[in-house]
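Listed below are the structures to be examined.
Common to both upcoming complexes is chain A, partnered first by chain B, then by chain C.
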Partner chain A sequence: MAQARARLQHPAAWWLWGLGLATAASRTTNPAVLLLVIGVCVVVVDERRDPATPNPLPAFLVIGAVVVAFRLVMTAVLGNGIAGDTVVVTLPRIPLPDWAANVRLGGSVTLEALLYAAYDALRLAAILACLGAANALASPRRLLRYLPATLYDVGTAVVVGLTFAPQLLTDAREVRAARTLRGRDGRGLRETARLTVPVLETAFERSLGLAASMESRGYGRAVRSSDGSRRTATGLALAGLVGVLAGLYGLLDASAGGLLGLPVLLLGAVLAGASLLVGASRDGRSGHRRERWAWTETVTVAAGAVPAAVLVVASVQGWDGVVPSQRAELPALPLLAVVAVLVAAIPAWVTPHPREAAP
Partner chain B sequence: MTTRRVIPLRWPAVVAVAVVGIVGLVAFTWPFFVTGDFARDHGNDAPWLFALLLALLAVVCLAEVTAGRLDAKTIAVLGVAAAAGGALRLLSAGTAGLEPMFFVVIVAGCVLGPGVGFVSGALAVTVGALLTGGVGPWLPFQMICAGGIGLGAGLLPVRAGGRSERWVVAAYALVTGLAYGVFMNLWFWPFLGTGAPTGMGFVPGAPLAENLGHYGLFYLTTSLGWDLPRGVLNAGLVLLAGPALLRVFRRGARRAAFGVPVVFDPADDKHLQGAGGAR
Partner chain C sequence: MITFEHVSVQYAGAPAPSLHDVTLEIPEGELVLVVGPTGSGKSTLLRTVNGLVPHFSGGTLTGRVTVDGLDTAEHRPRDLATVVGLVEQNPTSTFVTDVVEDEVAYGMETMGLDPTTIRRRVEETLDLFGLTPLRGRSLRALSGGQQQRVAIAALFAAGPRVLVLDEPTSALDPVAAEEVLASLHRIVHDLGVTVVLAEHRLERVVHHADRVLLVDEGHVSELLDPADAMLRSQIYPPVVGLSRLVGWSPTPLSIRDARRKASSLREALGGATPATIADRRVIGPGASVVLDGVRVARGGRTVLDGVDLTVSRGSVTTLMGRNGAGKSTLLGAVAAQHRLSAGRVRLGAAATDPHATPARDRVRTVGLVPQQPEMLLYSDTVAGECAAADADFGAAPGTCRALLDRISGGIDADTHPRDLSEGQRLELALAVILSGSPEVLLLDEPTRGLDYGAKKRLGEVLAGLASTGTTVLLATHDVELAAEIADRVVILADGEVVTDGPAREVLSSSPAFAPQVTKVLLPQTWLTVAEVAGALARIA
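The block that comes next holds the complex of A and B.
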């Protein structure tokens, strides 16, 4: 297939893809499907990750593995709510005082309980892998530029923070080196506390310099949007928040009518979301190097939406093997779900290559 | 105190923060008071629903608190607080989430008022997540929690520079370090369902006392080991570096001269022009 020229895909496309795959993973506990989801994440990240940023996927995979191991150990020692007949090993049971009578410490470990814990933890690991893949494929800081202009100030503060944080670490290292030269070992709580003052002094110095330069370039205009639009935005936000609160109440309190809850909740959310856009409508800003949305982005989003849709349907209709039974046997393999998850791997080959380092 | 309340909280912002606080509280504590049917039907979706909802509300809340009232200096100071929080997050990634960043958020809230406390708490978590590539459904919950911690620090009834200040702030750091763990576990606890260890899981529809008891055991066995060191670490940092850090923030705030209105006096202008012309 003819490759488009190298460019970074739109970050929103990758995040929607990752969220779709995560939705799919959250609806099943079939270990084969979940391992396949993790595999798809690894393959796509391997092919198309953003080379300019460090790859966070391995860290997410390690956390996922730790989650699985931790859950297995906890289940073996403390048991869980699954009763089973296939005893794997019997640990010595430790008697507990009365107030903890519900808790089991030790005792027989059944295969059913272990399998259930492993499947459930694997689901969390798969969701983590999807999020790690999204983080690796499109650095979330690239999403910052899509903040509505109402949050422009907050976004600027985040960008300032992102720029200063590595510098703070460098400063800290320098101060520490200087203290080491003076014969302190630079370890321990007290030393860390000493470090903060010079480091933050420098940071404030730098930030006030930055503020001065921002102001001299006309950044600190006091009024940007008209009072009217801001008042509308505030009104919308408050109405939306109240709607969200009322909707939540309706949803959680069955006596108030659960049907009334969701529409009111959605209406409130829409109003609150609209307040972000209304306040921003007056702000015209030009952008630098806007990202394009081409057909590959649409394919990426669709490739994430397919497994999500298939697995939601599968879990609602209760297909065989989507949620394996709690028996010690190999679960059935839902073929359509497997195919749907494989569809999510398509972006690994059809999307344009990210910019590459010189070979 | 002139340096407090750098971002003044007007009534819409106060209402927004209050409503988001209530929704946040519901998002964390819903397992304790919903009916069994609801929990069985929606136990799996609810954490995702609340993650989306809280993300939206946190953003709306930030927009309301900061609506058009951030000047360049406030942004720069918020940037420093967020950077310090994020950098500490980077450092603490290796120490299993001991999170010394709350220490900076608390001091910032204490010196610069509840508005800055809320925004810098939320932004410090965001910057940390962006730096470590750890953006996920937990981020909105963390933003609300950290924002609340900063907001509370701004409302602490202490006299600036007083002798008791250090101890009050340190105690606050200890308490919030523990409370942060109590709340942050809750967002995924109902997820575990029957998968949780015997007698520690969420039982849909069970009476409040039973679920509270289960959660208490779950917290004691799995989380307290992290939360207590975190609280103690933050309190220790406040005790050791707090006074100096408070001075650094106050000095920064004073130099930035927050709250001093800039007035262009036409008479002055004319005078300057006249002076220029005469030269």
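The block that comes next holds the complex of A and C.
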């Protein structure tokens, strides 16, 4: 499709898309569907990533892989209470005293237990991939520009945190390298403990510098109100957010009871909306090239909502293959769910190209 | 525009006030240069202008600071943002967004300007600072000079009438520094912005200044004419040193003014030739650093490509080149901090391969003082740091402390290393590394934030080490330091060695890296004021 002009999509659209896809992933343990979700994330990020910001998706994928591997090892060693007859391998069983009779260490490892663990961990990996994709498609810093003035303090904290976390890793690497300059190889528990002080000190100094810079560049100056009323608004907004999160949790986690979820979600949304309205009326900030909400944004959100809706319905109605059995067989493939997940890949081609990175 | 009335600043727990009864008035449209040794209160003075001191830093401010009629006691820094912009020393730590254009727009957004105005001013500012080709680039992918220009542009775009800059060029190569200063020059001359600027590298800025403030231990002079100030100041650039030596009046501040007065000096120096390095110390025999076809890739990019380099034992070699030319990576490769993808490195008399030697033994062969010396420091007191260094390097207790006393002008043993000035921190890190008595000493950009006094001491220490057989290799942008101490200069560009030769030859023939004394006395190739003084003494 010919694009009139390269532009960045509204970050909220990408984040809603990512959350939709994550919702879909959270309702199934079918490995084919989950792998498809990860694939869709990779394809969309590959096509429409903002080239001016670093790509966090690979890191999220690596974390996902680690989660899966860790779950498999733990299941093999400790078991997970899934009974099965297909023994893959028998590890030497380590006898434990009576008081620990419920804990098993070693012993036979069954395929059923391994499959259960793998499917479950894969679900988490897929959710992580969705978050990573949203991060890569629209940097959280861009999303923060839309944060209402009410959440000024939270916004400062988040911006500082976003700088803090990745820099912490870089600093740790540098400090460890510097450690070798003093003849230490930087391995071992004691060495690691010695690294923490310089790493944290450097990171704190950097964060203070950023906060000072934001202060002297007028961040938050538009919020002119008494401390009391600002706190009320912030409290209202936080209560709303907690409500929305709790409600979402209730809706998504079937065991918590979907019935309670919906009213809590609605109440949270109303609270949050109210606080945002209060805050927005005092918001003196303006936008430079704020992203418009065009039809492609709507398509993007819809493309994320379709798999979410289909898989929520599927899991409630218990379609075949949505929660596959742990038997050593290929799980049934819920065709509609597969199509729904594929719909989420549409934005990779219909959305505008992001800005070009100059060479 | 800016007035100080009896302003004093005292930080909690500090023995003496950082600023002492400052009264002055800075008129509109002036470029004011703040000159003073490290730790003299320059940064504090700059931060009082937009209220970061004391609103953000803590401490007690007495007296009154007003900017454009606004009292900083009543207005927070964020409310003064429309009037004052503050550019910090290290621009990367102050970026709030990811992309050049967003960063330029950020300040105006928080001020609530309307989008059409923002759009117009973003375009104007990008043009004014020559950033239009970079507008979509990630801030982290820019070179140091570009980042500094973005930081200034981002503040300037918001339309402040005062810009305050803390050492805007100290981390930059000479060419990038010129770019930044040219941008500043333009906004002062064409747009009437008042600029207050602190900088250690006076040779870069003093000829741009309209007025100079001398700061010493919290005492601030009145606004001085730059030439008069340079007569009185304890720290001055080489061109002023030359003028003091020969007794030119009025004191020339730019190369051009000095050249006009220099013809008689050139005649007087006539046939004299500068002392050669061989007169100063013995170099060699043998090579201490041998690089053979070294290639290093970092983050999927080839940073060094086929570098061959041989450095004689007991010599001082400086690596120069643009920001990002691969200087730090080369030092890192020699110190086995970066893995080689091809080639080999051999060090010292025993031709040790640092990449195949465990860290514990490697420190005897090679020591590296990194760009941020604080990365080497872990303890909470200087004394503790020295004791830890003795233990790390297996040196006799007290070794590090003795080295530190020799290098530094006296550092209190109970100070926290992070509370030391930049120069003192470097001296401590150097003492730590020297505790391992390495054959090869590497220093990465050691003069950032160092005043002339600290730089002179560092030069003497390095020359002393070289004369006892230590091989010194340092990466620096500081041409004056290179002129003082280097035997040999290697210039890198795009990961390759482009020039390699005796310091005098390389420095005097390069337009970017020629020191001030050379520029004044060309075609004669004197490098430093001390050389000229020595030659004049011999003639007389």
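Heads up, the rule we're going with is that the second predicted complex is superposed on the first by the 232 of 359 C-alpha atoms of A that agree within 3 Å, B and C clash if a C-alpha of one lies under 4 Å from a C-alpha of the other, contacts with A are read in each partner's own complex, and residues count from 1 in each chain.
In the analysis below, a contact is a pair of C-beta atoms (placed from the backbone, for glycine too) under 8 Å apart; a residue touches a chain by one contact, two chains touch by 3 or more.
Predicted, not measured: the structure shown is a model, and the values here were computed from it.
Asker: With both complexes overlaid on chain A, does A:Glu174 touch chain B (first), chain C (second), both or neither?
Answerer: second
Asker: Applying the document's definition of touch, where does A:Leu245 land relative to chain B and chain C: first, second, both, or neither?
Answerer: Only chain B is touched by A:Leu245; chain C is not.
Asker: Quick check for you: in the superposed arrangement, does A:Thr234 touch first (chain B), second (chain C), both or neither?
Answerer: first
Asker: Just checking: does A:Arg145 make contact with chain B only, chain C only, both, or neither of them? Give me first, second, both or neither.
Answerer: second
Asker: So, does A:Ile82 touch the first partner chain B, the second partner chain C, both, or neither?
Answerer: A:Ile82 sits against chain B, while chain C stays out of touch.
Asker: Mind working out whether A:Leu210 is in touch with chain B, chain C, both or neither, as first, second, both or neither?
Answerer: In the superposition, A:Leu210 contacts both chain B and chain C.
Asker: Taking the superposition as given, does A:Arg182 touch the first partner, chain B, the second, chain C, both, or neither?
Answerer: The second partner, chain C, only.
Asker: For A:Ser108, using the defined touch cut-off, is the partner it touches chain B, chain C, both, or neither? Pick first, second, both or neither.
Answerer: A:Ser108: touches no partner chain.
Asker: So, A:Ala193: does it touch chain B (first), chain C (second), both, or neither?
Answerer: first
Asker: Quick one: name whichever of chain B and chain C touches more residues of chain A.
Answerer: Here the partner covering more residues of chain A is B.
Asker: Need the overlap of the two footprints on chain A, from chain B and from chain C, as residue ranges.
Answerer: Common to the two interfaces on chain A: residues 53-54, 139, 141, 159, 194, 197, 201, 210-212, 214-215, 219-220, 222.
Asker: Which positions of chain A touch chain B when the two form their complex?
Answerer: Residue list for chain A touching chain B: 26, 53-54, 56, 59, 71, 74-75, 77-82, 100, 102-104, 116-117, 120-121, 124, 128, 131-132, 134-136, 139-141, 144, 148, 150-151, 153-154, 156-169, 172, 189-190, 192-194, 196-197, 200-201, 203-204, 207-208, 210-212, 214-215, 219-220, 222-225, 230, 233-234, 237-238, 240-242, 244-245, 248, 251-252, 254, 258, 265, 269, 272-273, 275-276, 279.
Asker: Sort out for me which residues of chain A touch chain C in the complex.
Answerer: Per the stated touch rule, the residues are 52-54, 139, 141-142, 145, 159, 174-175, 177-178, 180-185, 194, 197-198, 201-202, 205-206, 209-222, 284-290, 355-358.
Asker: Of all residues in chain B, which touch chain A in the complex?
Answerer: Listed in rising order, the residues of chain B that touch chain A are 12, 15-16, 19-20, 22-23, 26, 30, 33-35, 37-38, 44, 48, 53, 56-57, 59-60, 62-64, 66-68, 70-73, 75-87, 90-91, 119, 123-124, 126-127, 129-137, 191-201, 213-214, 217, 221-222, 233, 236-237, 240-241, 244-245, 248-249, 251-252, 255-256.
Asker: How about chain C: which of its residues touch chain A in the complex?
Answerer: Residues 50, 52, 55-56, 76-82, 84-86, 88, 90, 93-99, 101-102, 105-115, 118-119, 122, 133-134, 136-138, 140, 154-155, 158, 335-337, 358-360, 362-363, 367-368, 370, 372, 374-378, 389, 392-393, 418, 432-433, 436 of chain C touch chain A in their complex.
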